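Sharing a structure here in structure tokens format.
Read from first to last, the chains carry the letters A, B, C and D; within each, the first residue is number 1.
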Amino acid sequence: MLVTEVREKIKRTERDNWKLRVGILGATGTVGQRFIQLLEDHPEFEVTALAASDRSEGKLYKDACAWRLNGEMPERVKSLRVALPQLPLDCDLVFSSLPADVAGVAEDDFACAGYPVISNSSAHRMKEDVPLLIPEVNHDHLALLDVQRKQARYDSGGFIVTNPNCSTIVLALALAPLHERFTVVSVIATTLQAISGAGYPGVASLDITDNVLPFIQNEEEKIEQETRKILGNLKPGRIDDAQILTSAQCHRVNVVDGHLVAVRVKFARSVQVEELREAFESFTSLPQELRLHSAPDRPIIVRDELDRPQPRLDRDAGNGMSITVGRIATDRVLDYRFVALGHNTIRGAAGAAILNAELLAARGYLSSHR
Amino acid sequence: MLVTEVREKIKRTERDNWKLRVGILGATGTVGQRFIQLLEDHPEFEVTALAASDRSEGKLYKDACAWRLNGEMPERVKSLRVALPQLPLDCDLVFSSLPADVAGVAEDDFACAGYPVISNSSAHRMKEDVPLLIPEVNHDHLALLDVQRKQARYDSGGFIVTNPNCSTIVLALALAPLHERFTVVSVIATTLQAISGAGYPGVASLDITDNVLPFIQNEEEKIEQETRKILGNLKPGRIDDAQILTSAQCHRVNVVDGHLVAVRVKFARSVQVEELREAFESFTSLPQELRLHSAPDRPIIVRDELDRPQPRLDRDAGNGMSITVGRIATDRVLDYRFVALGHNTIRGAAGAAILNAELLAARGYLSSHR
Amino acid sequence: MLVTEVREKIKRTERDNWKLRVGILGATGTVGQRFIQLLEDHPEFEVTALAASDRSEGKLYKDACAWRLNGEMPERVKSLRVALPQLPLDCDLVFSSLPADVAGVAEDDFACAGYPVISNSSAHRMKEDVPLLIPEVNHDHLALLDVQRKQARYDSGGFIVTNPNCSTIVLALALAPLHERFTVVSVIATTLQAISGAGYPGVASLDITDNVLPFIQNEEEKIEQETRKILGNLKPGRIDDAQILTSAQCHRVNVVDGHLVAVRVKFARSVQVEELREAFESFTSLPQELRLHSAPDRPIIVRDELDRPQPRLDRDAGNGMSITVGRIATDRVLDYRFVALGHNTIRGAAGAAILNAELLAARGYLSSHR
Amino acid sequence: MLVTEVREKIKRTERDNWKLRVGILGATGTVGQRFIQLLEDHPEFEVTALAASDRSEGKLYKDACAWRLNGEMPERVKSLRVALPQLPLDCDLVFSSLPADVAGVAEDDFACAGYPVISNSSAHRMKEDVPLLIPEVNHDHLALLDVQRKQARYDSGGFIVTNPNCSTIVLALALAPLHERFTVVSVIATTLQAISGAGYPGVASLDITDNVLPFIQNEEEKIEQETRKILGNLKPGRIDDAQILTSAQCHRVNVVDGHLVAVRVKFARSVQVEELREAFESFTSLPQELRLHSAPDRPIIVRDELDRPQPRLDRDAGNGMSITVGRIATDRVLDYRFVALGHNTIRGAAGAAILNAELLAARGYLSSHR
């Protein structure tokens, strides 16, 4: 085993010299900071370029960014100078967490110029030829990249891949094994979402202390639409939306990180509660087979305690990449109900995009331009 | 107008001498404290007896009770001595907020001894001959008191009337005008409930700070069952449960007061959104006609802002006796959805019981034993 | 007694017709909203003009203002149209809660044009001829208005009166009776301040949830300087600062309303703890004698429970105009220590300014321009 | 470097077989859980025995303990059976986080029976011959163990070593380099303490949501007394308390973990602010020299941002074993002020005791009884 370890180490060093160089669009925001934190010491990617709005342009990252995560800002990004999210950037691919209104044009520009764009923004999620990707759920949707290529929308090597909205990911990941086995007919999701989902400064403390906000701009629509696309079927050149009736009501609660979703679900056929539980527990998929760096051993963790999942106790499960499901029970209106929870800025945002990039790398969609 | 005012004043003074004397069972708890606060200066009731567990027995109320409400403990109760919740108590009726395990026997004892028992406890709510009363919704259920009388279960003058669980009241009050006009077929309720609902010390701060608890003991069952009884039809000697499919998922959130319920509802017939809105807004009932002291002018307030209702801003509407409804919209799975909010220790507990007592007084069920 | 009441009522009606007309500069902010709430049924003032930044200009107040206080926006201001904080405004005096950078010029302009300016802003607080007024503490400082007049800085009838910073008021009000009797030599104040003190949107929820901020811009300096001026002695034409060494450390904590100040104090002479307690408890002053509308019966409430004062339980004492003192004890470094608490947007801001105006009215400094 | 790594690994494996076996008294509480979490992969200690109150006796730990920390309960303790905190336990030493009333007798019993007792409890802290140890501050106080031995209070090998109160540690660690260089004459500490310091269930959420509690039982006394002992001088057979005037005011705030202390300090001589800063920054001590496993590289981290330290952002610095100091400034009453922050259940409790044990092991006070 010790020899293996030595070999492992050598391999690692070699690989380090060939890490893909990553640019981050929206680098100073809460999701941008998570990108940087999660990419510190990543085996395949290293951050070489940072871009943000004109407020930050030209500053060193350590001066431009009010770091809001636990722990220190990683040393290597401190002295990177922040550019505008414009061409060119010194990198092999870009992660984007730009606001939707800016992301539309900027991401297109980068893709046109031949950059792979792995985006957490909502701007292109619902475009017909853009994969809305959760690697455990719909990795086959990557075939849409061929459509992007054929349409010559983007220059050689350039494309856009998106990950879903932070609540949708939790819901869709929980539904995936159920839909595959039992066919979901309708789903009702009621969310209790963390404040970090709104970015920084985001939610005013006067709005959320001793309070709940029953409204998050566009969130209900996103959950209802994105879920249908993610669980949809790949047809030649497009995705057929899943024929699932979807209903979402969204609430902001006074929690730092961790979106909780109360779910009711109706299936096409009769299902036993043990089947349901087993479907969650046994679920693994391509990222686990490929042993992707950010892929959790168990995408879905089932907890049987009466009072779990809880945001503070469960959001970091699987380094923030597992979702936790609990309170599985029969429902009097639909068939079953349960509660699902995931870390909204890791599995729901930066970690999601990084896992997407790892899958793209493993599938040969990314290459170094050095 | 000035003369009227003088007359008014005289009438008030006379009435004061004939106020009904009230005992409170469970006087030191959070709901007990609300009873005392809401009954300070009540035109019909005055608190003359306090009972609590043996920890408090024999102490002056000011020494036995850690007052947790805003404002001072009312002067007149400070020097009342706390008794055990046992016969006899020096009062004409009792309000009870005893824990369910104690309430069963204690409330029966008082009713047997001829005391009207107006209870916030869950012990007798689902008993066939006990009204589960919301005066605006099912005042006709008071006819069950005749059943109690005929069965001679209780001595002359004694009876038990209950109010629903704190979340159920918000839901049932919101559903009442809809069920009356459109017939509710199924309802899905997801709650975000305040910590005061668990009493004191209740929820540990370590459990709820930066967190959500997706479990409240027995709460989902109570909401599902009680709603059907409240909206049920009075038949000779009993209530026929409403034929409504009910589903509840309950969560505790970090809010001091105010239960929020996210609701989806399906009707027996097609309904326009304007009809729905109008049904909420125009709803008034017997307590408003009788101008009962605690009855709010508008039992249901509709707010059209995108981000209302909110617990901190809306819980005190109508002195805590109105519920607020907002975010009315069509739903893709059931027919409509909306969010309802009410003050859980006022409309959902102490205020509910007091309104019940006011209705009982107006209907001649209460009398002075001086 | 009834006759008196009738007379009282008649007097009240007459006076209503002669209420002073009030303009509010900074009407849409959190303090501006408090002004409007507290002036809703005020016997001497009625709001006739509202001014705010150009974002709100020209809008109806109900459209310009996101109302963040409990309860409804008062009816009569809903349809007032918001102006810029510029001359002229249709009113007899102005209350100002403008940001300090804007307040400097705007308040001067209004005073120059003959308007009494009662300001909650910090812009003019430390000016030599501007009273920094707490009516219970230094009403004699109003003599500075003669200086303003003599210097002909402002047109006939125009002047500026300020109230202290929200934390300073709590501290200075607590120190006032001690300084008068025992002469304070040095004071060390450590504050735990509510989020409403930072206005809206103010403190980001991500900054304060599960957190404390050990920094509030300029706050420590304000407390240290203003306290010395407030407790200073009136000399011909100026105030001699009190010779008190002052030290302040300020923290923002996750509380909606209510600033808490942990105080150590050293006196010029030896003091018994009973004397200290008595000095707090017996303290009343001119506003109480004059029965000013907003003056609390007891400016300082002493609580002997081990765990009081607490923001949520004590901030509303005296309708938010009393401060509460507790935990009085000898100190090993200075002489004594105690904890003081006050409502920061009532006694510490809007209520403070209104009490100032009431004193000015009672002293004949205000007159109607109808 | 690779060869070294291999050797390192071999050494590690050998040592593992000789890990000291640890028992934990009070294993189900919040500090007990931290002990277990921090000892999970500890190079010198392994948990072999768990003890708690009779509520847990005889149960498997996984059934007895409601795990309240992030992450899973370590596998190896799940199936340990919980004993009473009574002799004998199968271990070489015990960590104790028993409540003070139980700890007095129980810890004495274990020491008498020859067990080293490393205690986080307050029961024996102020005993003349018991070291109140912070390894970076007063490791020489371990000489008191000779006194314990000579007095034959405990059987061969048995002794008691304590760590300070959770707030005291933060304060004393911050003061240590200052006292050493400049001689502290007086210190005024005002604390803002996290809810986890009160254990579980501990602080009721109704007491701390939207609130501050200005009282923590016995806390002010502990800080004032313990600080003097810790910074005291070792004399033959005893500690001479440091001649420092100490004043503490303690508050509970709505923060999960992390005690913040606002400090004013007066020195025996004039000190420049740069000296002060340098004293903090350059401070290291014996645990750093010995490279003890839990010793942070920098016991004190100085942050220059205006708004640091903050509990949520800084509590985990140095794996929770560093304290963070900021806001250093001159003070108008004493000489300087600053704010210090530390993780109360790691550096302030379980981590403190473990570091004590590591020092004891390095100094030969612990031995295996296999």
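What to note about this one:
Everything that follows uses one rule, which is that a residue touches a chain if its C-beta (ideal position, glycine included) is under 8 Å from a C-beta of that chain, and two chains touch if they have at least 3 such contacts.
None of the values given here were measured: they were computed from a predicted structure.
Because subunit C and subunit D share one sequence, their contact can be compared position by position; here over half of the interface residue numbers appear on both sides.
Should one ask which of B-C and B-D has more C-beta pairs in contact, the pair is B-D. The distance from the centre of subunit C to the centre of subunit D, each centre being the mean of the chain's C-alpha atoms, comes to 44 Å.
Subunit C has its Cα centroid 39 Å from the Cα centroid of subunit B.
In terms of their C-alpha centroids, the spacing between subunit B and subunit D amounts to 49 Å. Counting partner chains per residue, subunit C shows two or more touched chains at residues 68, 207, 209-210, 254-256, 312-313.
The part of subunit B that touches subunit C in the complex is made up of residues 2, 5-6, 9, 67-71, 209-210, 256, 312-313, 316-317.
By the touch rule above, subunit B contacts subunit D in their complex via residues 30, 68, 195-196, 200-210, 254-256.
Contact residues on subunit D toward subunit C in their complex (touch as defined above): 186-188, 190, 192, 207, 209-215, 224, 245-247, 249, 251, 253-256, 260, 262, 264, 306-313, 326-327, 331-334, 337, 339.
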